[in-house]
Amino acid sequence: MYNELKQRVLDANLKLPKYGLVTFTWGNVSEIDRESGVIAIKPSGVEYDGMRVEHIVVVDLEGNIVEGTMNPSSDTATHIEIYKAFPKVGGVVHTHSRSATIWAQAGIDIPALGTTHADYFYGDIPCTRKLSQAEIAEDYEKNTGLVIVEEFCHRRIDPMAVPSVIVAGHAPFSWGIDADDAVHNAVVLEEVSAMALATRSLNSGIKIQPELSDKHYLRKHGDNAYYGQR
Amino acid sequence: MYNELKQRVLDANLKLPKYGLVTFTWGNVSEIDRESGVIAIKPSGVEYDGMRVEHIVVVDLEGNIVEGTMNPSSDTATHIEIYKAFPKVGGVVHTHSRSATIWAQAGIDIPALGTTHADYFYGDIPCTRKLSQAEIAEDYEKNTGLVIVEEFCHRRIDPMAVPSVIVAGHAPFSWGIDADDAVHNAVVLEEVSAMALATRSLNSGIKIQPELSDKHYLRKHGDNAYYGQR
Amino acid sequence: MYNELKQRVLDANLKLPKYGLVTFTWGNVSEIDRESGVIAIKPSGVEYDGMRVEHIVVVDLEGNIVEGTMNPSSDTATHIEIYKAFPKVGGVVHTHSRSATIWAQAGIDIPALGTTHADYFYGDIPCTRKLSQAEIAEDYEKNTGLVIVEEFCHRRIDPMAVPSVIVAGHAPFSWGIDADDAVHNAVVLEEVSAMALATRSLNSGIKIQPELSDKHYLRKHGDNAYYGQR
Amino acid sequence: MYNELKQRVLDANLKLPKYGLVTFTWGNVSEIDRESGVIAIKPSGVEYDGMRVEHIVVVDLEGNIVEGTMNPSSDTATHIEIYKAFPKVGGVVHTHSRSATIWAQAGIDIPALGTTHADYFYGDIPCTRKLSQAEIAEDYEKNTGLVIVEEFCHRRIDPMAVPSVIVAGHAPFSWGIDADDAVHNAVVLEEVSAMALATRSLNSGIKIQPELSDKHYLRKHGDNAYYGQR
């Protein structure tokens, strides 16, 4: 019934090993169908080799399985909170890609240091606060989503202008208008994370000029964007 | 006679170059058949290209060759001590994978800094003490195994909860319920070693929250584990 | 009409993913036909997979499209300024290759530290000054080109002897006698940038001996060059 | 006439790109036929793709071309000095492999920090002194060889026990009993160079235990070696 949605989610998941963002079964991508209110997501702990469209699980916004015979990703509840809070998000991806995870483990925002970052992210990529003991003990995956949402609300960051977050002590989540766009942003996140690591070791105090960040973000994403074939 | 065992050991050895854990003939994987008390292991100094099942050597727990015409890995005595001391271990692997070896050379435990680590290792991955001059001079490979076992005993670490060790000045050993699982853990060890290197350079004092480590380890490995398709 | 020129530009663009210099559609290569005063350049935001010769856009030195149906690279105005100011340049390439971009983000010249550098670059590779707010606000891409040219003029650097620059907060541009040569220099730039990063972390004050730099540059590029098959 | 020698030299040269030790035409391998006193070596500035046995140049110990129509590598005179001074050397290789070149540029010996190093190199890998202005001005490549030989003589290092050197401000040379063995050692050199970089950044004062270095070197290379299938 949700075959096109599931196919797109399968395709987006298979891009994770292609772009070197995952080891083994780590990582998961989902996409939401806002009209019918269902989410298609990778099954839990299944290898990318041999993954087929019938393995993709469809759940509703309460996490109930609507279609599929496998367990959905154990991170499904995090995806759901992101979809609930950020209405323009159409796809979500979670990986443990190396450089972004390093920043998450260090518990430090990924600073905007150049135009590679500014082309996709309008400002620093936030690192969440740590979850409390109670938030970890019960409904951990849901609370991970809530902490992500909290970070964007408190800091008044537009999630479509900064389509990634790192969770303290854990790893990144990225999103976009659909599953494919989410994975695209995850690839860029990994690249800018790697660049930021070495940039800060060369010049610890450096930041991008705000006007350069504005220029690059807006020439790709603003109302008068002129990058690409539009 | 031990063809299935040897085939599994061959397959696991061939995963070492596939996952980028070895250069040339470095590295070796073994698996034990606890019932018959024999260990199948890679031959010493043989290239992975062209390695066939008949090259795999079967030895008993005293290191005597039971089947096979080649010399077993020069590290066989280390494998044997691990099997003797840790009864739940079914497979052992030794590599000089780059990032884990860096921590071994530095002589520093690989610290648990994030959930990537906690998903597989319940706490820091220990670095052994240095071997004494006498331990190096005679029965070096056996003593390497004994020093590994000593480290887990003295620190009261469950080897199945922390299925890797780094030997000071040398390189890592990993293990698991069988040869394939041991290699799986060796891949993860290399990834978390690389992440820990850069994390510590960004934030030298950081540690994972103990409750986050518990949560991630137990959701995959505890009695109430809910990761995957079980 | 400009099919040979466009084919060379296509071929040079396809070398960017081959040498690992680009992610997605990032990066662009152009070549100038000095006689007819036209430049062939990559279209904006088009994937390398499936790029064909008819996608290459031909523009004149005012940036007007002479041939082609797609928008030229958004960086076309930067290429044009380089061609206008440096009459021996026949090809220009822009990438966000990781290590060179790290130096650009740090805002530090890439220092000449060894013969790998000296074989291709006669001295440090300059980092431009930051663009002013006004230069960013209007004609940003043209001003990027002007700032590059300014850096070479003020420092009296021969652009053919140092065929690369890094733009502060942004990324590198390289050039050469044609598009293929420009890409060749971009590959070397990335390699020497990576080497310089780690060299400086090992030995922060080191520089190449000037006479060694002279020797290596001149044995490949001087009047009495003796490297290769000439 | 020297077809077998040339074939071995071609094969060894083609291993340089295979093992990721070279960019473009960088790097060159030679092998000596001690009986006839000739050296086969890669031609200068020729691409590895499409290199054939007839491109390999045979020279005598004065550097005169004995067979072949191309110019020999511009580093031929360095190879010759190594062959002249070290009578057990049968093959020589020069690369600009990244990590070894970083140590060369930093002008620091590559320290023996673990058994990966000790399995192949009996002690630190020396960095030469800088060449003088006069040594660079005339007979530069020959003087590079003489400075290498000087370093081993002054420090009383056996070149067969430490089959690599790094030339200050330049890059590594490795050697072995034949061309293939030289390339093998160049691969190991690159790996131990990369490991040493990160090890020293984790623990700046660390050294390998001398008795561990002895043990590993001698179990592979000593009179009573027991590694491999001998």
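For clarity, chains are labelled A, B, C and D in written order, and residue numbers in each chain start from 1.
To be clear about the criterion, a contact is a pair of C-beta atoms (placed from the backbone, for glycine too) under 8 Å apart; a residue touches a chain by one contact, two chains touch by 3 or more.
For reference, the UniProt names are A, B, C, D = L-ribulose-5-phosphate 4-epimerase.
Since the structure is predicted, the reported quantities are computational estimates derived from the model, not experimental observations.
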item	value
Chain labels contacting chain B and also chain D	none
Residue-number overlap at the chain A/chain C interface, same or different (half cut)	different
Superposing rotation of chain A relative to chain B, computed on C-alpha atoms, to nearest 5°	90
Far-end chain from chain C, centres as C-alpha averages	B
For chain A paired with chain C, centre-to-centre distance based on mean C-alpha positions, whole Å	33
Averaged-CA centre spacing for the pair chain D and chain A, given as whole angstrom	46
Numbers and ranges of chain C residues touching at least 2 other chains	201
Category of the chain touch graph - line, ring, star, complete, other	ring
Pairwise chain contacts under the document criterion	A-B, A-C, B-D, C-D
Residues of chain A touching chain B in the complex	23-24, 26, 43-46, 70-71, 74, 96, 98-99, 101-108, 130-131, 133, 136-137, 140, 169-171, 197, 200-201
Residues of chain A that touch chain C when the two form their complex	113-116, 184, 187-188, 191, 194-196, 198-199, 201-203, 206, 208-209, 211-212, 214-215, 219, 226-229
